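First chain written, first letter: the chains are A, B, C and D, and each begins at residue 1.
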């Protein structure tokens, strides 16, 4: 929660470069979410830290806070065991663990490498939680275990910020 | 977290009517904390919901968030088993559980009844968490188990509010 | 733990009808384990009750109790989401969750149905824990959550039984 | 669980040298429990390791295993904060935490020192779990955190031992 920079340095959240969506009737664009706080949860379905901690937390943020002011999007950023974590397996995982938040499947520019969205966000691994403010700028980038109280405070502060005007 | 009222209805936080303090060199006055968010944790040292959940959470808020903008104060509001929860016993409890946040001992107007601060805040039992905004008004009053994520969001929102001017 | 029957009624543990093994240099035969207590853990890699509770417990039994007197064997008994839980996916799961106990892959007599060992043991779902005594007889068959203390007592009692003589 | 000695070395469990009992109509004598496995839980009501872990475990052993073959006895062995942990406070603690197993209050030969039963058993602190076999001999002496699975196995093994004959 200490990684805040001055506003002028803040990086705009890159577009989601993904190939498939679950739990949403239409693809979701980060740009179209301007005005809302966006919580991105990057995960792999067989990553223990995701299954045991990161994904349940993201789902709870979705259950308790998602609405006109906040959106949670999970991105399946597979960078290892590619054959074990196909979209078919992911669908079964989402069903079994009752994951209802929107989930995107990251795109692989070439077989076996790191996927496109993971690279665009410079993520180091999974789980990673990225929080984007109402103006579309990355405000928090958290790798690994997250303190729930501190995350809540960070989200509360961002929710209290005014939505940007059209020109921002 | 749903108990917000319009600002005009908000009740000013009553003074702490207490007889003894631990973990602070001088008594703390709610009035003097104007400008800061105040988290009040009402507890009894032998209440299981306090020992197992409420008090550790209050202590963690103290550890992670206490500073120029937020203060945590615990109040020992004994309303049962009075002889078992004297200040001598409380001191041992604080020592054993490594509780370092400021702790006040609620005053009993008459033996055996509900204590003064608990009554002034209309608390129903322990643990109770009361959150006071920078302007000294009660914004949240939570009895029993508290969702940590939602509490964090509520605190983040209050921390984002401007401090009152002298006339407020 | 209440399902004990008189010895004359006890059922002999069926053979493991499986197609592949992980974490063991050679296939394991229930019959050849006569003289040892055998703990069978039937699971599916995407079953939440397995991932969060049953499989970690089986692995801990393996870590703490496996030896000359007790063997833990996990059996991957896939009866749903077959395409999502192939041996390739299972290998990644075992690697990621650091599962080191022997794991067998149950055999499917026909595509899409219940697998052979699961059927032979009349298992209702996953996780299922079956405990076989030193004489090769099923003594406990537990579906779902298991109380660790009671399971320990049951294992301690079986470990205290003498190994069968050759003629038993 | 590794502290087993050969039977000839095993120490007979000393008598409980206590001054008061809760949760039992009559005092309990270790000697009169010959033939049963006895689990002794030494604790202090304000010791965090007791409140959070040791006492709930002892109570669960009582709930699940107490009967003709096994008895659980808690002993309040106060060796610090004496004024904070009087029998009056203990009574409130037992009530609040719904502790229903028999509880004895250890005797203090002199004010402020270690209590008699704690000394007789050479306990180092709280929580301590002592397991006595059917023949009245100490078989396990565990200080601090206890692995529930391993404790269960140890109890299962002792429960499988025959009761001593009258002359043992």
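As a working rule, contacts are C-beta pairs under 8 Å (C-beta built on N, C-alpha and C of every residue); 3 or more make two chains touch, one makes a residue touch a chain.
Just so you know, these numbers come straight off a predicted model, no measurement behind them.
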item: If a chain touches chain B and chain C alike, it appears here; value: A, D
item: Furthest chain, CA centroid comparison against chain A; value: D
item: Centre distance in Å when chain A and chain B are each reduced to the mean of their C-alpha atoms; value: 35
item: Chain C: positions in contact with at least two other chains; value: none
item: Chain contact graph, described as a line, ring, star, complete graph or other shape; value: ring
item: Chains touching one another, given as label pairs in label order; value: A-B, A-C, B-D, C-D
item: Chain D contact footprint on chain C (complex, rising order); value: 57, 60-61, 64-65, 147-161
item: Contacting residues of chain D [partner chain B, same complex]; value: 46-48, 51-52, 81, 83-85, 88-89, 91-93, 95-97
